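Next, two complexes with chain A in common: one pairs it with chain B, the other with chain C.
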Partner chain A sequence: MKPVIVKQAQAFLKVLALAVPLLMNTGVSVSASPAEAGAVAHDTAAAVVAETAGEHAGAAAEGAGAGHGDKPGDVIMHHILDSNVFAFEPFGEVELPRIVVGGFDISVTKHVVMLWVVSAILLVIFSLVAARYKNLTNRQAPKGLANAMEALVDFIRLDVAKANIGPGYEKYLPYLLTVFFFVLLCNLLGLVPYGATATGNINVTLTLATFTFFITQVAALKAHGIKGYLAHLTGGTHPALWIIMIPIEFIGLFTKPVALTIRLFANMTAGHIVILSLIFISFILKSYIVAVVMSVPFSIFIYLLELFVAFLQAFIFTMLSALFIGLASAHEGHDGHDSEVAAH
Partner chain B sequence: MLTSGVILLSGGLLSPNPGLIFWTAVTFVIVLLILKKLAWGPIISALEEREKGIQSAIDRAHNAKDEAEAILRKNRDVLAKADAEAERIVREGKEFGDKLRAEMTEKAHEEAKKMITAAKEEIEQEKRRALDVLRNEVADLAVMGAEKIIKANLDADMQKKIVDSMIQDLSSKRN
Partner chain C sequence: MEGFGFLGAGIGAGLAVIGAGLGIGNVAASAAEGVARQPEATADIRTTMIIAAALIEGVALFGEVICVLLALK
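Then we have the complex of A and B:
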């Protein structure tokens, strides 16, 4: 019985540790409200006073962010959008280098840093796992990290790749595995304090979806040949209808990656906007009660939902990529392709 | 809250950023290539190897089971055959024994009969011989007794007369 009570007490303390800073923040806002009201009435100089007051109180990220921006909407956008500054409020911030090559701005932004962090974590984890596998004989079962990763890898391999692509799925496996773990870790790191969701940026998801698009097209070309690929664009209809069918099929090629892009981007962004909005409700209403009754519990709930969504969206992105590749490569011409290969 | 909508529409959220696209592509491709070489190859080959190992183990187990079943069936057959054989042998042995016993008894009976008859014959013979011997003995005894009696009664003159008469007879007959 005793450990259970200790656990419950710990859980309660954890909730308290989450809730107390937020309550203190609302207190700061409330106390700062006269100054802010004055700022609105007089000049922007007073806003600086409010800002310093907010920072002086040692507010958490949200509170400090509220100090910077004028409106909650701006703060939320500031948290979601990419920037050239990696902020570690209240400890300060790191200015990221701006690089312009040949007129193109290829600055290392916050999301680029997150991508690199994700890459570094992935490389470390999987080099460890691979090293474990090299020492593993056929009769040994994997343990710990290797076992955990194996479950995911095997899931992608069998339930995603093999189930959707069918024979010849091994070629696409490295891409699918990489994209799954990459997206998953990007999603998860967005939920870590000071982290940013790189997959909540449409540029990142667009790039990933473009990879899927190219792989899909290459798979289709390989499976059907150029003639079959072009014939597929006509939808197998009468030549008189081609003038309608070809544009439709052509647009259809691009709807899939666009759907992939927007699905992942919107899911990751929406969750963060909801969490921040829920927190800001208590700031806007300047109420402890709203914070305790609504903002904190609901944002915790959405946070947990986001954890689930992080896995779900990584899975869906991979699943749909596999499905598109499978649709592109396995068609009515597939058997002919097989016999062609056999003839070679 | 209106401002957030304005920012979204003005392109803050959806604005293209070539730099980020470039870095995403570069990062992803590098990660893909490194992981492909470093991790996916060994992990997937290990998984496939293990899958094959498990499959072959299952196959082997099935084969072993089939073999064991076949052996069991064979053993049962052999056992049944052996049982039948043993029963047959016992039965035959019993029959043979019975026959042998009957034969032996019969033979023994016959032998005994033979022996009895032989013994009887011998006894008879012995009896006869004994009787013969007894008869001879009795005859000898009688002759001896008679001799004694005759000797005691014999007279030389009388005998001379008898022999003379006999010689006379003989000479008369020759003529």
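Then we have the complex of A and C:
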């Protein structure tokens, strides 16, 4: 019992010894020149932020690097937006090639590189898992990575695909699994140091939502035929109302993918903006106390929340894709339509 | 007149959050009530609640995106 208390006291003293000099320094950091402010900001980052969370250190170092007269808003936007430079801040940066073909900028940007990294990681993971499954007999349970992936795959298969699409869900399962793991890994790689959130780019999310849109339309066409599909656009109302119903239903087709797009994009961007804003509070107020009491704990809290949101948004995207496919291919005619309206 | 964009963005962000808060609060309250009445339906209620909350949150985020655009224009 006693050694535990001694150890705890020692640990507490160590923390105190670390914190007190920081607190004593509070008033000193008001600096005259922007360059000096950058240097001080960098020191703060090194002392307080670096040891707590890698990404914060990256962000703060980025802030210090861009700190020659930039406003925090500019630095935050620099972090959020796509660019042709892949920054590894203390070690320099990699300039990515700029390719323009026929007036279209198709250069390989930061987010494109992240998409490739995600694809590569997914290929490696699932090749390994598939190879392990081949070696299993029917009575053996998978272990380790294969087991973890099996839990996720089974969750998507049963709770998302089967629950929302119903019979014939196997056809859509490959798409749903792909989109789930792709979005999940994109979201998670935005939270590691030097990573960028590819799903925080509206082009990426719009592309994913467009896949869902086309699959939904094809499912609807297959389930109802071209006649049923067109009849669906009238909402099952009297012909006199068609002049109102058809435009509404037609717009309704496009609101679903647009909502998917904006939801994923805004969720992933918003979290990063909040984390960076919390860090910049201490730089704006130029105070260590704010950094220790507010910026670091709160940004760690938001960071952990972001971990949850990364899973949640991947799940929601897959779930809503499955739901839309299920509603489009529902065989009960217009019964499915009511719940579709309610879903908005 | 420059500052009115920021004013609008700030007020808009607040209003969007109020709406989303009320909406998600309602969803969570009803879900908690439902689970208390029928604990065996917890899984179904949770799924429905998450979908509804995500849809409400999506609308709130539309508002927030517009506010960010206003503030950064």
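One rule holds for everything that comes next: the second predicted complex is superposed on the first by the 265 of 344 C-alpha atoms of A that agree within 3 Å, B and C clash if a C-alpha of one lies under 4 Å from a C-alpha of the other, contacts with A are read in each partner's own complex, and residues count from 1 in each chain.
Just so we're on the same page, contacts are C-beta pairs under 8 Å (C-beta built on N, C-alpha and C of every residue); 3 or more make two chains touch, one makes a residue touch a chain.
These figures come from a predicted structure and were not determined experimentally.
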item	value
Touching partner for A:Leu230 - first (chain B), second (chain C), both, neither	neither
Chain B versus chain C as contact partner of A:Met319, first or second or both or neither	second
Touch count on chain A, higher of chain B and chain C	B
First, second, both or neither for A:Asn267, with chain B first and chain C second	second
Chain B versus chain C as contact partner of A:Ala163, first or second or both or neither	second
Chain B versus chain C as contact partner of A:Ala259, first or second or both or neither	second
Which superposed partner A:Asp154 touches (first chain B, second chain C, both, neither)	first
Partner chain(s) touched by A:Gly73 [first = chain B, second = chain C, both, neither]	both
First, second, both or neither for A:Val94, with chain B first and chain C second	neither
Those residues of chain A which chain B touches in one complex and chain C touches in the other	73, 77, 273
Complex contact set, residues of chain C against chain A	47, 50-51, 54-55, 57-58, 61-62, 64-65, 68, 72
Of all residues in chain A, those that touch chain C in their complex	73, 77, 159, 163, 259, 262-263, 266-267, 270, 273, 312, 315-316, 319-320, 323, 343-344
Interface residues, chain A side, partner chain B - complex	71-74, 76-77, 80-82, 99, 104-109, 111-112, 115-116, 119, 122-123, 126-127, 129-130, 133-134, 136, 138-139, 149-150, 153-154, 157, 170, 173-175, 177-179, 181-182, 198, 201-204, 206-208, 210-211, 269, 273
Footprint of chain A on chain B - complex, ascending	1-5, 7-8, 12-14, 16-25, 27-28, 30-32, 34-36, 38-40, 42-44, 46-47, 49-50, 53
